[in-house]
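Shared chain: subunit A. Partners: subunit B in the first complex, subunit C in the second.
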Partner chain A sequence: MSLDFINAGLVLSSITTLLFIVPILDSIERKVKAAIHSRIGPPILQTWYDIRKLFAKKLSVIPNPFHVVFFLFLYMMLSIMSITYFITAVLVPMWNSIMVLIILITILQTTFIVLPFVTSNPFAIIGATREVLLVLVNEIVFFIAMALLIFFSGETYLSSLPYIHPTPAYLILAAILFIVGYVSCGRQPFDIAEAEPEIASGILVELTGPLLGVFVYANLVRRALFKLIPVYVLIAPFTGSNMYALITSLIILPILWVIYAGLAALFGRSRVDIAPVSLLKLYSILFSITIILYLVFK
Partner chain B sequence: MSEYIKKSIWVFHLNTGSCNACDIEILDALTPYFDAERLGVKLVVSPRHADALLLTGPITYESLPKVIRAIEAVPRPRFILALGSCAVGGGIWHDTYSTIGGVPELLKILKNRGIEVDGVYYVPGCPIRPEALIYAVGILKGILQKKVKMRVRKAIA
Partner chain C sequence: MTKKSLDHVLKEYIDGIKSIYPKADYLFSNDTLFIVVPKEKLRDVTEFIHNKMDCYLRTCLGSDERPLLGHFALYHIFGDDRNGLNIVVKTYLDPKKPVAPTIMDIVPAADWCEMEARDLLGIEFEGRKQYRLVLPVGWPDNLHPLRKDVPYNIRPRPSAVGERITPPKTATATIPVGPYHPALHEPEYFELYVEGETVVDVKYRGFHVHRGIEKLGESRMNYQQVNFLAERICGICGFVHSTCYAQAVEKAAKIDVPERAKFIRSIVLEIERIHSHLLWIGVAAHLLGYDTGFMHAWRIREHIMVLAEFLTGSRKTYGINLVGGVRRDINEDKKKQAIEVLDKVEKDYMEYLKALLAVPEVKKRATETGILPKEDARKLSVVGPTARGSGLDRDVRRDVPYAAYNYVDFNVPVYDSGDNLARLLVRADEVIESIKIIRQLLDQLPKGPIMAEDFEIPENRAAVSLAEAPRGEDIHYIITGDGRPYRWKVRAPTYQNIPALKVMLKGAPLADAPLTIASIDPCFSCTDRIYVINETSARKIVRIGIGLCPG
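The block that comes next holds the complex of A and B.
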C-alpha cells in the first residue's frame, strides 16, 4: 500500500515537474547557444515568457478555424497524454504498455503532420509535405525498433525493462531509438519542415497568438517525450529498478537536450531529397547489425 | 502596455521601400555582438507571430497595401518601431510623389481604416545605429526613457 502511495506521488510529481520544466529546458538550450556565441542570452524563463505572452495576445480568426483548433488541441492533449502515459507505465506495471505507447505516438505524429495541411496556407503545406517524407521513414523505423525491443527483451511492459539483461543487440536498438528521437525533434539537419528563411516559418505560418502558444508548448512536450523514451530504454537494464531508471532518465534529460542542441549547431539543414534516403541507409545498417548481434549472442 | 509583451518581443522586419542601409543595421543589431536576445527579442518570419514591426523606408505607394495587410496580420497588442529618417518622417523622400512620407502618414491611413496600433516608437538616423534600435527596445520594455520629442513639419507648397 505504501509503495502505491510512493508510486502515485512519484507519477504526479514527475509529470508536473516535467510539464513545468520543458520550456525551461528550451531556455537552457538558448542560454548554451548564447554562451557559445560569447553573449549573455535570454533569461532562464524566456520560453515561459514567450508562451505566456502568446496567450496574452488577441486571437485572430484564421482560415479553416474549426479544423485547425481541433487538430491543435488534439496535438497538445496527445503530447501531454503520451508523456503522462509513459511515466505512469514506467512506474506501474501495465500489460502491453509498449504497444499502447506505439499507438499513442503514431496518433501524435499523424496529428503533427496533418495540422499544417488544415491551415490551408501554401507555405505551411510545402513544409508539411517535406515533413511527411521524413516522418514516414522515421515512424516505420520506430515501429520496427519497438517491435524488436519486445522481441529481444520478451517484455511488453515498460516497467519490466529494468529487470532484463542488456545484450549488445539491445544496446544498438537503443542507439536506433536515439536517432529516431533526434530526427523527431526536428533539429538540424532534419528541420526541413521549418526551413524558415525559405518558406516563411514552415508549418507554423498561419498560427497566431494563443494558438501558436499551444503549438509551441505541445511541441516542446513532444520533444521531451522523444528524448525520454530512448534514455529510459538505454539505462533501464543498468539501474535494476524502474523508479531509479525514471529518476535517472529525468536527470539525464536536460543534459541530453543540451547535447542535442550542440549537435544541431554542428550541422546545416539537409535537403528534402537527401535526408530520408540517408536516414534509411543508416537505419538499414544499424538494423542489420542489431539482428546479427542478436543471432550471434542468442 | 502588457507586462507580458515587455518580457518577450517578437519582431518582424518590414521594408517599405528603404535604401537597405537601415535593414543592414537591423541585421547588425540582431547579431551576437549586440545580443538582442537578452532583451527577449526574437526575429520571426511571419507578421502573425510578431509583436512589433521593424518598419524601414518611407512607405511607397506600391508597398502601402502590403504594409497595411502586414500590420493587420499582427495580432494585438501591436507596436511599430519606425526605423530611420525615412520611416520617421519621409527623410529624403519627404513630400515626393511616390511615397506617403513615413509612419505619421501611415497612422492616419490606418486610423481611417479602423486599424489600431498600440504604440509607435521613432528611431531617427540615416541609417539608424544598432544601438539606437536597442535603445528603442529598451523604451518599449520600459527600462529606458524617451530622449527627444518628434515633430514633423510639412514643407510649404
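The block that comes next holds the complex of A and C.
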C-alpha cells in the first residue's frame, strides 16, 4: 500500500471539491426540478445558504439528546469517511477494499435508519419503520451485487477495476448498482421515509437548527457516495487507468445528479408495501439476467 | 318533468304521510313540499320518506320560533333529486323543554345535525348518545347561542374541561393528525389508531372554526349584507354560498331575478368549480409525492384565477352577488377574452391530465384505497364527487336546476368503484364539463338588466336553496324576518361528507390516510385557536371558538 504525492494531492483535492460541491449539486437538482415544474427555482448556492442559516440558528434541546447527537455525528463522520475511503481506495491499491467499502456502507446505512428510532417522535418512527423495509431490500441487493462483482471480475481491489475486461454480466451488475444508488438517495418513488404529507417524517421532523444542518449536509455526502460507486464501476473498465476513472467519475457525477433529479420529477411516491416488492421483482429479473449472461459468456 | 307527473309524485308523498298521520298539514311552494307532523310521528314519517320514497337527508335544523309561534321547531330537509323536490318535515317542540325523537338509527346522516341543534338551540334528542359537537368544550352548558334571547355578542368565560383519549383495544399506536399537520391545509383533528401500517379506527374532532356566522346573519346584518358574509364562509367556494343564500331569499320572497344575472351567476360558479378542482388535483398530486403534477395543476389554475379577476374584479371572494341579481356585468370584450382563456386552459389541462394519469404511482395508490361503498354513501347522504365516486348519480345542477343550468347541456360523471381514484376522476371530468358549460353560457348570454327592480321581502316565508358546490351540494335554509333573515341555516357539503371518512379509513394503509382524507376535499375555515394543557395523565383541551375571550 503506497500513497505518493500525486495520489495524495488528488485524494485531497477530490475530497475537498466533493465536500464543497455536493450542496451546489443539490441546488442544481432543485433548479432542474423547478424548470420541470415551470418555476424559476432557487439560486445555485441556495443549499449552502440553507445550511449556513441552519448553523446560525439556536441549538434546540431535543428529547433523548445524547443518543440523537451521537448517532447524528456518527452518521456525518461515516458519510465523509466512506467517501474518503472510496476515493483513496480507487487511487491506491488497498487490500480487500471492496469488502471494506461494503462494511462501511452497511454501518452507514444502519446509522441512517437507527437515527430516527432514537427519537421519541412517533412520526419519525413511522418514517424509520418504512425506511427499514426499503433499506433491507436495497442493502441486501447492494451486498449481493458487490459480491457478484468480486466473483465476476475476480478482484477485491477497487483500484483494479480499470484493468478488467467489461463483460455483459458486469454491465448489468453496474446497472443494478445504479438502481441501488437511486433508491438509497431517497428520491421519488422511494422517498417513503420522509413523506411528510403521508404522516411519516423520518428524522427531519425532530431536528432543527445546527443539528438539522449537520444531517442535511451528511445526507448530501451520502447521496454523492451512492452516485459515485455505480459510475466508477461502470466506467472504470473503459478507462484503463484508475486516475482517469476517478476524474471521469467526478465529471459524470453532476450529470448523473441532474438525470436523477429529472427522473424523480417524473414519479409519484410509492408505498411501503408496494416499493420493496416492486424492487425485489426488478432486482430478481436483473440478477437472473446477469447470471445467465455470465454463464453464457464465461 | 310534466305537471301531471309532479302532481302524481306529490300525491304519493301526501297520501303516504296522511296514512301515517291523517291530520298532517302540507304546503307546496316552488320546488319544496312543507309538511308539519307531531314529534310522535316524526320517526314514521322519516322512515317513509327515507326508506320508501328513497330520499336522502339534506340536513336538519332547529329554530327558536317562540317569539313567533310560542315554540321551538325542528326541520328535517330531505332531497328527492329524481323528481327535483325538497321535502321539509317540520315538528313543533315544547318551548320550555324541547325534546325530539332521534332519527339517527333510520338515517345515520342525521347524527351531526341533531347534535348541532342540541348545541345551538338546546333541543334534546331521545334514544341516542348525545355529545357536544359544534360548541367548544369549555362553553357553558345552558347557553345556546341560536336562541333568540341570547345576544349575538355574548362573551362567556371559557372553562377547562378534561377530555381523555381512549384508543380502541386493537390499536397498537395512536397517531394524532392535526389540528396543524402538513397533510391538512386547514385546522382539523384526526386521531388515527393504527396496528402496524393499518388504520383500525379513527376519531374526528372538528368545528374548531365554528364562527357563529348564522347568528351574525340573524342578528346584525340586513338581507344584502348577508350575501357578503355568506361568501366568507369558504375561502375556495364562497360564491356558491352567496349564490345559495341569495337564491333562498329570492325563492322565499318570490323575486323574479333577471335571466342575465342568472347566467352570470352560473358562469362564475363554474369558474369557481374549475379553480377548486384544479387546486384539489394539485394537492392530491402533492400528497402522492408527484410535485410536478402539483405545480402544473396550479399553473393551469392561475389562468382561471386571472379570468375570475377579469370578470368579477377579484381572484377570489368576488362579491358580486346580491339578493335580486348581480353587481357586475359581462360585456362582449370580456366574453371574447374568457373564451380565449378557456381554450388555453382546456388544451393545457387535457395534456396535464394525460400525464397525471400516466404516472404509475398516482393510479396505483389511488386505486382501491379509501373505498366508500355505495350503500354506505347512501346511508350517510354524502354529496358531490364523494357521492358520484361511489356510484350515486346526484347533481343538483341537473336534478334541481337553479341559476341558468336548465339552459345548458352537460354530463354528470359517475364512477362506481368508490375509491380515491373514482373521486379523482369525477373531479377531473367535471373540469372538462365546466369548461363546456361556461362556453354554452357565454354563447347564450341574454340581454337585459342584471338586477331585479323594486322588490319586497315579506316576513315569515321559508325556502330551501341548493347549489352544487365543487365539494357537493350546498344548502341554505331561510325563514324571512324583519329586514334580515329570522333563521338562516347553512349546510356546507363537507359537513355531510366527513362522517364517511370513518368508513373510508378503516382498514386502509396509514400512508393512504392523508389522500383519503383529502379525497372528500374537506373545507374548513381558519379562525380558530386551540391550546393544550398537560395535567396528570389526562390531556386537557380547551378550544377557543366563537364569542369567547382568548385566555
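One rule holds in what follows: the second predicted complex is superposed on the first by the 289 of 298 C-alpha atoms of A that agree within 3 Å, B and C clash if a C-alpha of one lies under 4 Å from a C-alpha of the other, contacts with A are read in each partner's own complex, and residues count from 1 in each chain.
To be clear about the criterion, a contact is a pair of C-beta atoms (placed from the backbone, for glycine too) under 8 Å apart; a residue touches a chain by one contact, two chains touch by 3 or more.
In this text, all values refer to a predicted model and were calculated from it rather than measured experimentally.
Tell me which partner A:R30 touches in the superposition: subunit B (first), subunit C (second), both or neither.
Touch partner of A:R30: subunit B, not subunit C.
Taking the superposition on A as described, I'd like to know which of subunit B and subunit C A:S60 touches: first, second, both or neither.
After superposing on A, A:S60 lies in contact with subunit B but is clear of subunit C.
So in the superposed three-chain picture, is A:E206 touching just subunit B, just subunit C, both, or none of them (first/second/both/neither)?
Once the two structures are laid over each other on A, A:E206 reaches subunit B alone.
Kindly classify A:A265 by the partners it touches after superposition: subunit B alone (first), subunit C alone (second), both, or neither?
So A:A265 only meets subunit C here.
Applying the touch criterion given at the start, work out whether A:S38 contacts subunit B, subunit C, both or neither, answering first, second, both or neither.
both
Under the stated touch criterion, which partner chain does A:D50 make contact with: subunit B (first), subunit C (second), both, or neither?
The answer is first: A:D50 touches subunit B but not subunit C.
Starting from the residues of subunit A touching subunit B, keep only those that also touch subunit C in the other complex, and list them.
Correct list for subunit A: 37-39, 196-197, 200.
Where on subunit C does subunit A make contact in their complex?
That would be residues 173, 175, 177, 181-183, 192, 197, 285-293, 295-296, 299, 359-362, 364-365, 509-515 of subunit C.
Which subunit B residues qualify as touching subunit A in the complex?
Contacts found on subunit B: 2, 4-5, 7-8, 10, 32-33, 35, 37-38, 40, 42, 44-46, 48-49, 51, 73, 75-77.
Over in the complex, which subunit A residues touch subunit B? Could you list them?
Subunit A residues touching subunit B: 30, 34, 37-43, 46, 49-50, 52-53, 56-60, 196-197, 200-201, 204-209, 212.
List the residues on subunit A that touch subunit C in their complex, please.
Per the touch definition, subunit A meets subunit C at residues 33, 36-39, 122-123, 126, 129-130, 188-189, 191-192, 195-200, 265-274.
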